[in-house]
Amino acid sequence: MRSEKSNRAPLGLKIAAAAGLAFMHVPILLIFLYAFTTEEKTYQFPPPGLTTQWFAVAWSRPDVWAALTLSVKVAAIATGAALILGTLCAAAISQTRFFGRETVSLLVILPIALPGIITGIALRSAFSMADIPFSFWTIVLGHATFCIVVVYNNAVARFRRISGSLIEASMDLGADGFQTFRYVILPNIGTALLAGGMLAFALSFDEVIVTTFTAGQQSTLPIWMLEELIRPRQRPVTNVVAMIVVIVTFLPILGAYYLTRDGDQIAGAGK
Amino acid sequence: QEPLKELGQGEGQLSIVAWPGYIERGETDKSYDWVTEFEKKSGCKVSVKTAATSDEMVALMNEGGFDLVTASGDASLRLVAGKRVQPINTALIPSWKTIDERMQNAPWHTVNDVHYGTPYVWGPNVLMYNTEAFKGQPPKSWNVVFEEMTLPDGKSNKGRIQAYDGPIHVADAANYLMAHKPELGIKDPYELNEEQYKAALDLLRVQRTLVGRYWHDAMIQIDDFKNEGVVASGTWPFQVNLMLAEKQPIESVFPEEGVTGWADTTMLHADSEHPNCAYMWMEHTLAPKVQGDVSAWFGANPSVGAACKGNELLTDEGCQANGYNDFDKVKFWKTPVAKCASQSECVPYHRWVSDYIGVIGGR
Amino acid sequence: MTIVAESFVLPERRSAAGRLSDFFWRHPHVLLTVLLGPPLLWLGVVYLGSLFALLLQSFFSIDEFSGLINYEFTLATYRQLLSEANLDIILRTVSMAALVTLVSAFIAFPIAYYAARYARGKWKALFYLAVMLPLWSSYLVKVYAWKLILAKEGILTWVFEKLNLLWLLDAWLALPIVGGNSLSVSYTGTFIVFVYVWMPFMILPIQAALERVPANLIEASSDLGGTPAQTFRHVLFPLALPGIVAGSIFTFSLTLGDYIIPQIIGSSRLFIGQAVYAQQGTAGNIPLAAAFTVVPIVIMGAYLWMAKRMGAFDAL
Amino acid sequence: MTTAVLFDTVSRHFGAVRAVDRVNLSIAEGEFFAMLGPSGSGKTTCLRLMAGFEQPTNGHIEIFGETAEGVPPYRRSVNTVFQDYALFPHLSILDNVAYGLMVKGVGREERRKAAEDALAMVKLPGYGTRRPGQLSGGQRQRVALARALVNKPKVLLLDEPLGALDLKLREQMQEELKSLQKSLGITFVFVTHDQGEALSMADRIAVFNEGRIQQLGLPEDVYNQPKTRFVADFVGSSNVLSAKLCQRLGLNASFASLRPEAVAIAPAADGALSLSGTVAGRSFLGATNRIVVDVDGTRIAVASPAAQSVPAIGSPVTISFAARDLHPMEDA
Amino acid sequence: MTTAVLFDTVSRHFGAVRAVDRVNLSIAEGEFFAMLGPSGSGKTTCLRLMAGFEQPTNGHIEIFGETAEGVPPYRRSVNTVFQDYALFPHLSILDNVAYGLMVKGVGREERRKAAEDALAMVKLPGYGTRRPGQLSGGQRQRVALARALVNKPKVLLLDEPLGALDLKLREQMQEELKSLQKSLGITFVFVTHDQGEALSMADRIAVFNEGRIQQLGLPEDVYNQPKTRFVADFVGSSNVLSAKLCQRLGLNASFASLRPEAVAIAPAADGALSLSGTVAGRSFLGATNRIVVDVDGTRIAVASPAAQSVPAIGSPVTISFAARDLHPMEDA
């Protein structure tokens, strides 16, 4: 096993992988490029000139900040709810056997397996039927629904890797259910939850489809972008915001990677 | 429902569903701002939800939560029939008297002599074209967007024209047929019997082969003219003005077949929570200054004659340029109904909706 | 060591948590209820409830003139759904989704394979980032970036022009169905953007599945005389299949429901997502919108059922 | 002598699977008790019944005279050394060992001291700051032991604790475990599927098969006088003689067992029984040679000291053994 | 006799780790060759060098007279039975066995037949339609064997194939493997860390430690005359006598080995050597009792036949053994 992996990759594979990655990144580079263009009305290519003024402009636009704060708030609360619900669900699914277990695991996956527009429109019509006015909370509700699965997946994978005897060992040594959760389960699934939480946050932060249906008058960052892209003023500002979001998400993604990876190694030791 | 009896204090809030460009607060161009002053004067904070099509406006109003809507003729009667809007008390609107007589009792907002709103602005759907593609030979007829032909620049119009992405565009086809196939006997492009309707759809199917992408958002249309090589399309004066301001090589004409057009009404939601602010806004919009500013910005015509003179933004030639004097040549949007006036039975609107989707989606 | 157990049964913990813990231990079903209650309440009641309420609406109809819902049971909406124009929409969307899924898998596989088998240490982290970044950078901005690339006067044309390959582009655009006036108003354009936007969702599950293939199976194949190509065909690919299916749940479902991409890059021919959006938002025809949503629900239901049987859920 | 663990016709069924089936058992305080049996015979399930992770489907369990049913694992003064050790990967070795004391609320300083003492006892002083991942298999096994012992349990359960170790380490740990048990006087219940391990360590052995106890007794008895064919087969590699062969030797039993080391390749001496056959195989086992003799189709293994010469394959030989080494068995 | 595998000072280094270090080796055609050694001693790496999964850092490998370097695994007529079997989980047993033939392009009917024959040979006829997951460990092991043998390799490599099986099954498989090898005449290279297995099965044994061969020879020689202290320790549980003790016995060597079974608890007879000490421990091993005698601090294990009486712990005893059983060893 060790040596096969240390072998060199065939050339064809390298080329295919590199081409695939290039395909994935060229448009991103373009977004970055247009954050610096001097032309604000059209996306002329190549850009007639480069400038950093749009960063200052973006910084001073109140609507950017309003959308950003709203998105952060929504994502934070939706992630929090998803963390709690996803963990509960993962614990129930992986630690117990009960009738309908399969159904529940399917149910959790449903909101992400069904197109977002269905989730959106279903929630929207349910809200209006129940006379719930669209508000901050309806956005959160929509987001949390599909964020649960991200947390759930991460947590379930980790639960699966925690050797079952770990929990029994804790009980055996005299820890009751709560102590076992506090001292054994939580430290072992902690990094998985963190990673799941970060992914959920990012997912919520970029969601537009469900949001269009569950938002009233508020605009989250993606909705703001949609408006901006269709009815532009100062087009490069959108790119500046997109670019900054990419750069800011860079660190959490890297963090999530290292957390889940190290965590697996630790949990794997008990296997 | 009884109209409001008397005006009270403003509620501090007002939410309006409007066409893009109808309600400006100086964000795109500082000189076009008719909201800030109103907010200061009335204390009503205005929030705007733009809608790209008449259907969307109806849907938004059905959903509720809004006070006013700037409904075009193809939406206004549906809103009345659906009891989504309430009659208004013209006595509470001092400027009512100043409204152009032709608009005061227009059929798209007056039902059984009851008024369901104040006229806002109106305008024609003109033909916009790229001057470089037409090389100084402006198109005279709508045929450039209905039939395949070689344009003056030597290339076919195929893939280089656009059409409006709304069922009401069927009327444009009918309008074209009125001039070119008189044997069909079309009297009103909004009142079509089965045969006339079928001919219109056939024409639209031909058009489909020429159109790359339909437009339903003004800004996207502008993009398409700039980046996608579109050279001719029916459009609103709004886009024409914006592009001219950007010095794009385009012009617009009033083709010989005449045009369809829209006359929009500010209507009050049946369950409005801020009726007082709404009345104040309706009054505000009838001021010649506002009427002129809107008309200048959107390339529309005011409903108050006085606005045509002395408005700085519109200028004294503005009304003339926007077709103010061609009122009679414009066939205003209205919702097609089965029981129509000009013949025994007409194809109703819902068929227009589903058939037009079919035309666009055609293989 | 000070604690010496006097008796076999240790003294009961006095705290409330201790007593509750004992209670849960004796009544595991209560614990299960406590654990599952909140998520089930949310997903099972709020979410599924909304879905059913929506489906219910598809049995109502709409008053064509006023646009108000007529609350009477009818199948008229389904009759409308099965009209020719709407069937076209469904067919178009499903074939697009299937094609996007296939091609995504095709492009994603080498990346996932490289990341799973050859990338090590820093490189592995780099690969992960390279996959995750496009995934988390703004969907809308990416789509607009493609609009710039694909537009008639866009970057791709510019590049083709510089390479003197414009004839190739024109030849492609002249093809029926996939062609069009420019890439951005053709199915080709819609397709490229779909693949671009959803492909990252394919990479991670495939990578996970490949990482789970024990390396010695590959050695075993080689040992038994399988050339690298045969090993791929007979061992690696079948074992990675659950990962591909898991990834395709995303690509398929996301394509099935998207309404923004075909609206921005496309030829105005509707996709299911757009139809739902238009019926719900623009036309306010909730019953028809609801009937439209039945299509992806049925398709995804069948798909999930199949995926579950293939064990794809473990690879999600 | 106090009874540490008492099983009164205990069964544990999982659906149709009878993992433990009407088991009667009584383990004395301070005893080193081994449960021996093949995979799936119910050993682990028995242990889990004692620890409280499973509840009996039928029957009654008493531990030190108190009813065990309904007492959750964390309130039983019984500790387990798990087969895979189940060390907490996120805690240091010291915290692992101190875990039981921590959850009982023992103060930090005190439990640190107790844990260090326990680590010293298992010969791992100074390893406290490491993580489980940094220890070898044998070391982890000792930590698991220390972690259990620090709680001073009344019964210590060990589920194949040496299964994962290699032979050398295993022999060493066997000795250490045995002497630890002697010095602490705690009751050990030890599960294994290795008969050598059970024979060399246990005071008494219960041989399990398919959820039932086949034989329960002293190691010597289990080894020398297997009650059933299963035990004879499983414990050491006994020869099983059929009824026909038994009769020929003058024994009236359906089966009889005969240990290879009780057989010699030599003509019968006084009062000894003998059979003749041909050599069918031989292999070198280090201390002994294993010679397989074919007697009318029954293959009888003979353990012959390495020093003795080995007859060639195919050559006719006479084997002999004392009558008392032939043990009649039950049919099962 | 043809040489099947030849290692000419072969090394394989991974960075600083010398997994295989200057190994010379020559395996004859038809031989049953065992590689014995503790974990990490380089056995698997040697096997992988033969199979072609690794390339030597230094030195030269020949298989049946042909240079092996640069020949990919799939073009070597060498097959491997992997330690964890490496059966393809997505294929049926029959397809697993037929895999090698399939990739060589053998027709469907022909390979089905060959695979069924191979399954019959390993005593699994009719199991073809099952999946690997539905078989027990021993059955899987046989499938892995059949899968390798169906290709008629010139050399079969087995990497601890019996490691995961329990004792009973293991003994059975040992016999079967051995007789299979005899009947097929294929060269077997067998890796194990269990000395009993190596001793009983192999024609010759190479004892590995830290990448090097410590001793290579017949099982009897390796067992009885360990060349180094490592071999003495690792192969069987030999007693190692220090230089001081050797001197006392009149032997001039820094270390000497003495097998427990060569020692008796009895006064010295004619020409035998003897030492006196006290009994320090005893345990029952079934066939024998293991008695540990403390001789001036050196613990000497004695394997005494179970029939003999066992002296009590602490009692003084005399142990005796023949001079020829004391083997001087090298220092390493």
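Chains here go by letter, A, B, C, D and E, matching the order in which they are written, and residues are numbered from 1 within each.
The criterion applied here is as follows: contacts are C-beta pairs under 8 Å (C-beta built on N, C-alpha and C of every residue); 3 or more make two chains touch, one makes a residue touch a chain.
Given the structure is predicted, the values throughout are model-derived calculations rather than measurements.
J.: Given the two chain pairs C-E and C-D, which is bridged by the higher number of C-beta pairs in contact?
T.: Comparing C-E with C-D, the pair joined by more C-beta contacts is C-E.
J.: Need the most distant chain from subunit D, centre defined as the mean of C-alpha atoms.
T.: Centre of mass proxy via C-alpha means gives B as farthest from subunit D.
J.: Measuring centre to centre, with centres taken as mean CA positions, what chain is farthest from subunit E?
T.: When every chain centre is compared against subunit E, the largest gap points to B.
J.: Just how far, in Å, is the C-alpha centre of subunit E from the one of subunit B?
T.: Each chain's C-alpha centroid was found; their separation is 91 Å.
J.: When the centre of a chain is set as the mean of its C-alpha atoms, what distance in Å lies between subunit D and subunit E?
T.: Once rounded, the distance between the two centres reads 25 Å.
J.: When the C-alpha atoms of subunit A and subunit B are each averaged to a single point, how far apart are the two points in Å?
T.: 42
J.: Using Cα averages as centroids, what's the distance between subunit A and subunit C in whole Å?
T.: A distance of 14 Å separates the two centres.
J.: At least two partner chains per residue is the criterion; list those residues in subunit E.
T.: Where subunit E meets two or more other chains at a single residue, that happens at 53.
J.: Find every residue in subunit A that makes contact with two or more other chains and list them.
T.: 4, 43, 174, 176, 179
J.: On subunit B, where are the residues touching two or more other chains?
T.: Correct list: 63, 226-227.
J.: Which residues of subunit A touch subunit C in their complex?
T.: 1, 4-10, 13-14, 16-17, 20-21, 23-25, 27-28, 30-31, 34, 43, 45-46, 84-86, 88-89, 91-92, 96, 98, 102, 104-119, 121-126, 129, 141, 144-145, 148, 153, 174, 176-179, 202, 205-206, 208-209, 213, 221-222, 225-226, 229, 238-239, 242, 245-246, 249-250, 253-254, 257-258
J.: In the complex, go through subunit C and note every residue touching subunit A.
T.: 10, 13, 17-18, 20-22, 24-25, 28, 31-32, 35-36, 38-40, 42-44, 46-51, 53-54, 57, 107-108, 110-111, 113-115, 117-118, 120, 125, 128-134, 136-142, 144-146, 148-149, 154-155, 158, 196, 199-200, 214-216, 218-219, 228, 249-250, 253-254, 256-260, 272-273, 276-277, 280, 286, 289-290, 293, 296-297, 300, 303-304, 308, 313, 316
J.: Please output the residues of subunit E touching subunit D within their complex, sorted ascending.
T.: Checking each residue of subunit E against subunit D gives 38-39, 166-168, 171, 175, 178, 193-196, 199-201, 219-220, 223-224, 233-237, 259-262, 281, 283-288, 290, 303, 305-307.
J.: Mind listing the subunit D positions that touch subunit C in their complex?
T.: Counting only subunit D, the residues touching subunit C are 63-66, 68, 70-72, 74-78, 101, 104, 106, 110, 114, 117-118, 150-155.
J.: Hey, which residues of subunit C end up touching subunit B in the complex?
T.: Going through subunit C, the ones touching subunit B are 63-68, 80, 83-86, 88-89, 92, 148, 151-154, 180-182, 184-185, 266-270, 275, 278, 280-284.
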